[in-house]
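Which chain is which? They are A, B, C, D, E, F, G and H, in the order written, and residues in each are numbered from 1.
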Amino acid sequence: MNKEEIKNLLESVKNNEINIDKAMKIIEDLPYKELGFAKIDNHREIRVGYPEVIYCEGKTAEQVVKIVEFMLTKNNNILATRATQEMYEEVKKICPESNYNPLGRTITIRKRDEKVTDSYIAIVSAGTSDLPVVEEAAETAMIFGNRVEKITDVGVAGIHRLFESLNVIRGARVVIVIAGMEGALASVVGGLIDKPLIAVPTSVGYGASFRGLAALLTMLNSCASGVTVVNIDNGFGAAYSASIINKL
Amino acid sequence: MNKEEIKNLLESVKNNEINIDKAMKIIEDLPYKELGFAKIDNHREIRVGYPEVIYCEGKTAEQVVKIVEFMLTKNNNILATRATQEMYEEVKKICPESNYNPLGRTITIRKRDEKVTDSYIAIVSAGTSDLPVVEEAAETAMIFGNRVEKITDVGVAGIHRLFESLNVIRGARVVIVIAGMEGALASVVGGLIDKPLIAVPTSVGYGASFRGLAALLTMLNSCASGVTVVNIDNGFGAAYSASIINKL
Amino acid sequence: MNKEEIKNLLESVKNNEINIDKAMKIIEDLPYKELGFAKIDNHREIRVGYPEVIYCEGKTAEQVVKIVEFMLTKNNNILATRATQEMYEEVKKICPESNYNPLGRTITIRKRDEKVTDSYIAIVSAGTSDLPVVEEAAETAMIFGNRVEKITDVGVAGIHRLFESLNVIRGARVVIVIAGMEGALASVVGGLIDKPLIAVPTSVGYGASFRGLAALLTMLNSCASGVTVVNIDNGFGAAYSASIINKL
Amino acid sequence: MNKEEIKNLLESVKNNEINIDKAMKIIEDLPYKELGFAKIDNHREIRVGYPEVIYCEGKTAEQVVKIVEFMLTKNNNILATRATQEMYEEVKKICPESNYNPLGRTITIRKRDEKVTDSYIAIVSAGTSDLPVVEEAAETAMIFGNRVEKITDVGVAGIHRLFESLNVIRGARVVIVIAGMEGALASVVGGLIDKPLIAVPTSVGYGASFRGLAALLTMLNSCASGVTVVNIDNGFGAAYSASIINKL
Amino acid sequence: MNKEEIKNLLESVKNNEINIDKAMKIIEDLPYKELGFAKIDNHREIRVGYPEVIYCEGKTAEQVVKIVEFMLTKNNNILATRATQEMYEEVKKICPESNYNPLGRTITIRKRDEKVTDSYIAIVSAGTSDLPVVEEAAETAMIFGNRVEKITDVGVAGIHRLFESLNVIRGARVVIVIAGMEGALASVVGGLIDKPLIAVPTSVGYGASFRGLAALLTMLNSCASGVTVVNIDNGFGAAYSASIINKL
Amino acid sequence: MNKEEIKNLLESVKNNEINIDKAMKIIEDLPYKELGFAKIDNHREIRVGYPEVIYCEGKTAEQVVKIVEFMLTKNNNILATRATQEMYEEVKKICPESNYNPLGRTITIRKRDEKVTDSYIAIVSAGTSDLPVVEEAAETAMIFGNRVEKITDVGVAGIHRLFESLNVIRGARVVIVIAGMEGALASVVGGLIDKPLIAVPTSVGYGASFRGLAALLTMLNSCASGVTVVNIDNGFGAAYSASIINKL
Amino acid sequence: MNKEEIKNLLESVKNNEINIDKAMKIIEDLPYKELGFAKIDNHREIRVGYPEVIYCEGKTAEQVVKIVEFMLTKNNNILATRATQEMYEEVKKICPESNYNPLGRTITIRKRDEKVTDSYIAIVSAGTSDLPVVEEAAETAMIFGNRVEKITDVGVAGIHRLFESLNVIRGARVVIVIAGMEGALASVVGGLIDKPLIAVPTSVGYGASFRGLAALLTMLNSCASGVTVVNIDNGFGAAYSASIINKL
Amino acid sequence: MNKEEIKNLLESVKNNEINIDKAMKIIEDLPYKELGFAKIDNHREIRVGYPEVIYCEGKTAEQVVKIVEFMLTKNNNILATRATQEMYEEVKKICPESNYNPLGRTITIRKRDEKVTDSYIAIVSAGTSDLPVVEEAAETAMIFGNRVEKITDVGVAGIHRLFESLNVIRGARVVIVIAGMEGALASVVGGLIDKPLIAVPTSVGYGASFRGLAALLTMLNSCASGVTVVNIDNGFGAAYSASIINKL
């Protein structure tokens, strides 16, 4: 409700075109509707072109289907992360055009064609065991409308492979680096680029990797500036942030 | 602005007793004034009889004095926690009636007489090294207007001393248990009473006490029901919560 | 045995109405019966209207049935927490009126009608994955005779939803806040109310949530006063404490 | 050295315009000069307008002065972080136009006027104890040529203050959130904006804050998407990343 | 071989009563036989009446049977800890007189009658979930020839039950206290007795019990003197130490 | 108050030799006086020959003096641990016969001659930096009336030195092993003896020793049976337990 | 391409023996071929006699087969670590001469006969549960062409067994020590030899072993010089390093 | 003493060429001299050319002087690590030719000229704050008779600097990599060489570096094979191991 509308309301009151009780009701609702609340409420959900997101971990296939069903009524694209094959089978029954990425464990449903960005997000990863997180990040970035370039298996133990892809990495607008074990890749890439770098530690490793803690600490302590970090295995979060930056 | 006032405003508009621009202004401000914001703003500060609180850790004596100076204009009682002797010397210069509890490291200033509750908060502690936290809790509880009973040095290694004070503890409306080292006192007291018990682990100990972590974990895992826990050494927080409960 | 009764006993001795051996016997038992031991023994169990509680984790269905069987002889209400569907099936065989809450994993048996409090406990939670803890807390609070209001799915990432329920939360006598991941909800709610707040971290999350440790630390360090904390996923403990406070 | 230049060189060899030894020298250097090495070498340092940065922790005042002295020859702006008052006194002797921010512990020297961005970085912080990190971030952002808006003391315990500044925060191109204790502010702000948010946990707190670990975990587990995290107290790193993003 | 014997040997050599090769053999063996090595070798295994012990964790039923088979040749009593039902079934085939304690997960085989001590080891435990560790400790203590008194389910939340058993506990020569969750029982018992107390933390609990860490820290920090601690769930180790002490 | 006395009391009542009020008073006090409480109260303090103990950490010299002063009235021997040189100077003023062990930081006052045990406690330590804990343990053991043999500087890196002292170690009734860094000495000694072994981890070390945590974990996981553990640097606790065992 | 060759190339250009485009092509490739990149690329893989290595953890049997299939084309020996029985069954189908070590979980394929070193690597281990890591290390060392001597089950709890094998251990060129639980063996062996010692903590143990953390810390803090450490259970890594040293 | 020598001895006894007492003495010493004990005893200390080492941490200047004084009698070279300037001043008084490295905190005394190895140890480090550990390692390596090449300030954030020194690093026989913060340098160097690499994490960093823990975990999880690790800041240990390897 903007200034003009409030003015009109008051003039209607003055002119007896609306009775006081009804006007009172409208005004009482203002705080919830106006003070950023409508904006808050909607700033993620109503925003045109933003996909709906479901985090499937800990949900049953049945629950996921119900949520998808509801979302389909809104005509947005849909992304489900941490989804099992079984969930996908169920979702496909109500939405045959849905796709499943078994490595990234994502279900994607494209109800409308989003314009894809010209600039791209580079997703750089260390080892083959990091690929599930790479795929989660890539699917997320793509359904949010970003061009994506994947540079995988360029761990620091064979650094020449990284150098061969340096131009692609440097050409990105935002770079996501995904690495488990000791997570050193983030620092090395961070030292070679001057773009925003979002580092994703993965739980890949054993023993003193403590399920990703080692990689997480490595990345938080990166001696290369320009590196920020998300939670262990959080490919979605990294891609979400990268998408916001890429579309600035 | 309550319903009545909104109705009056609209009637004034209707009756031309107020012009539309002015009414519009008032209505525009509603979200900030009505939707709990005024309440939010004031729910701690304006509430009659609540003391002002300063957490002095990391502040200079000069900064503390300035804050006290400002607070004194509001005519409330004042509590400064984690205050050094030096801070007190400075505060005393601008407020000679201020008091210092060197053990509890609190400065208290009583600008008005608060009614003290009939029901009391029992503060039970294990060893003499826990006394600073006891004193912080006691000073806090008292300036918030609560009657306080202290039962100190009743650690579980000499449990008969605890039993001798059982009646006093059981007579309280809320019980605060303060203990370092292994913090077992909270469980023992928790098993003997049926009142709310707030446990405060202290950083007293060495080696595997890890600066209060051992006592904290003990209390969180208490096998006695009815025990809730605050941060290590947080005598203020325990007393604040206890005060809210005591005054329900 | 109160003062009056001791006096009577001694007078009976004096008047030869009881022989010395018998009186001696009674007096010898005093320490166990009088020194709080009877009280201790009974202060939880005999107290009228308190339900019996079974913590089922690590017990077999068979063991749970046996305990329930014994408890049923005492004519109290019964609450079994962390109970599996299988346990419930077995319990139902000996007590058809038992109820199972599959989300909260509780079995409840109501043998007598408890008066429900007028004041209520608000149970506020962040995400859908926190619901099992919400349900455990709600079932506990209810069988202890408390009115309960649940306000779920009001995580801080969409804070407007929290504001819409603010009046319900503020109307409670005690508030339980249940949240996993980063657990920030406790601090936000704590800053908006002036009632006792019991925070329950949940093990919901992944990676650096370290099975609830992140939420636990968040809540212990809450910058909002009046927050106390229980163990990770301990919905029962929070509701037990809340019930004691609500009934003060 | 691009393809054209290599071709020209070879033609010069063929045409005897350059002798073979000289050509050989040029070619031998190619690996170092061409394969990104010149670029690598210079991508941070030669880039026009980037300030030189000194991390002073663990250096003596004498060492800092020597580094500054050398940097001054390059005619760049200079930023020294974690600098003591004593270091500043020494630096001032050789460079009187240097400035010291005692709260942020930064020395800044402006040798050339950088164009300041129109878009701004919002730096949002929770409590007064977080101000040193705020100042380090602000000084960094400014000497890298960014417009900065500071919104301080808007911790979640008094969330209305945050709302009053919401428009300023939402107007930023990048948001830095700085908070100690439980660090919940990052999640709350993250839920209210759709801009990149860089969260900085601070070591402010005591007991179970474990010198910033609690806030760090909170931020890594943020339920609000779009949040990335840097090391504890790393105001410089957050501002460096924010600057890169702001200038994309 | 003492000095005298060496002298005799050399004299025999001198007097041709022993040939040089035989003398050489004896002397060559000296290092292994004399320097405590024979003693070392045998101090546990040859000692009459000490049972053989097998730690079954991580072994197959087949491996356990083979070890038992070998041990049976030595005519000692045998104790197998952390043994599964399946292992027992296999062992029984080759040794029908073997016994299995399913709760304590021990197999015991008695080949000879050991004299049982007059003095006893008291095994005190907190909750029913601690019983497996109690049984492991009890079986160990008994097969090592100790009289054992078990006092179970005397957790500190109902401390009167502990007091009712105080005489039995105080009558022991050594006391083992077994408790999970917060492990406070060790401190309470420690304060009530003046006998050696060996505390066993158990992994019973959830959330912030961190699989026994909380109880372990509690016991290490016990404010009661005379308490020593073994590894989490190490009922065997506690009983082994207690047995050594009981037989001093 | 034994049976006889109760009988006498009742007979006095019957015979009017005592009035009912007075008898009632005596009976009311029974629970506190009889049910083990006197025993509890006194079991440590009144026991003839037990020294009084003061833990000086966190106390002022003034406080220590006051406590000593009070203890001197009881005519017991006195042990003060973690005492500074300054504390000793003050104590000496009121008790010239007090002794100070600057390495072990103990003050000892011998008011009566205790009989020393024939059997001895062996205190075995790894490196010279462990000596303060050795001395604390030795002083404690001696003032509790135990013969002590110290075998120092026999760390596992030069294991032959340990073997040279093996006979002395094996001759002890109880063995205390004190080691920092990796704490391996406890396992090695544990494998060589069949006496109770109390292991004391020390905070000696750096880096990944984490102030004694490494040694603590080593000792708790000792593959040698018969090893129990006390808190880091807790020489007093080890000696106290050893003394109880030695005197069994 | 060395200096001589570059010179020859340029002279060919000058002499028209090679056309400029072809020369240009060669020079363009230089950075990748010369600056260590070819060397980098090949330093592990092309090196004659080095086996190919596959880390199977987290791979499917199908993926492992594919990688082996590709590797077989290169005619090198092949080592697959952390391989399951199922993987081996599949590999055997395409390569019947492959061998499986079920304890060490390794598949080895010998395509060419490597010369075995004269000097040997001693692999010393504590308990039977450490054997899987021993086998992984042994298989690795052997397929890298090293002679191996295994000395197993010589844990410090029975140190005489270690002494009996001392000569074999001392005769090695490099020693690998593998131990779980408290990991003390590394320190003891370290003190007895003057050869490089690589320590491998294993995850063998329970409770406070924290899945190998205790042994890891022990080894990092070893008081014996000359000890270096690899990740928990990393038998491969230890043998790889030992092989490099053995072949120096 | 080998078999031949024992035989000869016995024959001498038989032939009266040696008297029995003397022969007895020789034989009595056998256990200590033969069973490795003499070797053990001497394997570090008597070995010609090995310097004596003093770890000064926690020692007084006076104690260090006394130890040096004793060592000087043995005519070996001497190395004192973690030595303060004050210690050096005192040592210099009794040994004017001693040298102090203030950065590495080492005192070195050269009593005899050791032959320096032809092969060298490369010491590679990340940042200037790591230099103290570099210097400790270098001084250690040198006094043990190794040629040393230092390549400092080649952290991964500017990886081209590392490449410029690659030939020097690859030319070494053993490489020590020293790095704090995230410690990624070890992995990068490990991937570029095929020599033994000893990684030293340093305590350089702040916040989530947790005093070197982050770098330690990074190095333990290195994805590059051939990396072994020593304790945080343990430059001495790394150089000691490197020296053993270099001299194989």
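Operating definition for what follows: a residue touches a chain if its C-beta (ideal position, glycine included) is under 8 Å from a C-beta of that chain, and two chains touch if they have at least 3 such contacts.
This is a predicted model, so every value here is computed, not measured.
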Where chain A and chain E overlap in contact partners, by chain label = B, C, G, H
Same residues or different residues: which describes how chain A and chain H meet, taking over half shared numbers as same?
-> same
If you tally contacting C-beta pairs, which pair wins, E-G or B-E?
-> B-E
Averaging C-alpha coordinates per chain, one finds the centres of chain C and chain H separated by a number of Å equal to 61
Could you please state the distance in Å, as a whole number, between where the Cα atoms of chain E are centred and where those of chain H are centred?
-> 41
How big is the gap, in whole Å, between where the Cα atoms of chain C centre and where those of chain D centre?
-> 51
Per-residue multi-chain contacts in chain C, two or more chains | 32, 35-36, 40, 44, 158-159, 163, 191-192, 207-209, 213, 216, 220-221, 225, 231
What are all the touching pairs of chains?
-> A-B, A-C, A-D, A-G, A-H, B-C, B-D, B-E, B-F, C-D, C-E, C-F, D-G, D-H, E-F, E-G, E-H, F-G, F-H, G-H
Would you mind writing out the residues of chain D in touch with chain G in their complex?
-> 3, 6-7, 10-11, 13-14, 16, 20, 23-24, 27-28, 30-32, 34-35
Using the touch definition up top, name the residues of chain G that touch chain E in the complex.
-> 128-129, 158-160, 163-164, 204, 206-209
The chain G residues in contact with chain H across the complex are 35-36, 40, 43-44, 47, 53, 163, 166-167, 170, 173, 191-198, 216, 220-221, 225-231, 236-238, 240-241, 244-245, 248
In the complex with chain D, residue positions of chain B that touch it = 32, 37, 40-41, 44, 57-59, 201, 203, 211-213, 216, 231-234
Residue ranges of chain D touching chain C (in the complex, touch as defined) | 126-127, 155-159, 181-184, 187-188, 190-192, 205, 207-210, 213-215, 217-225
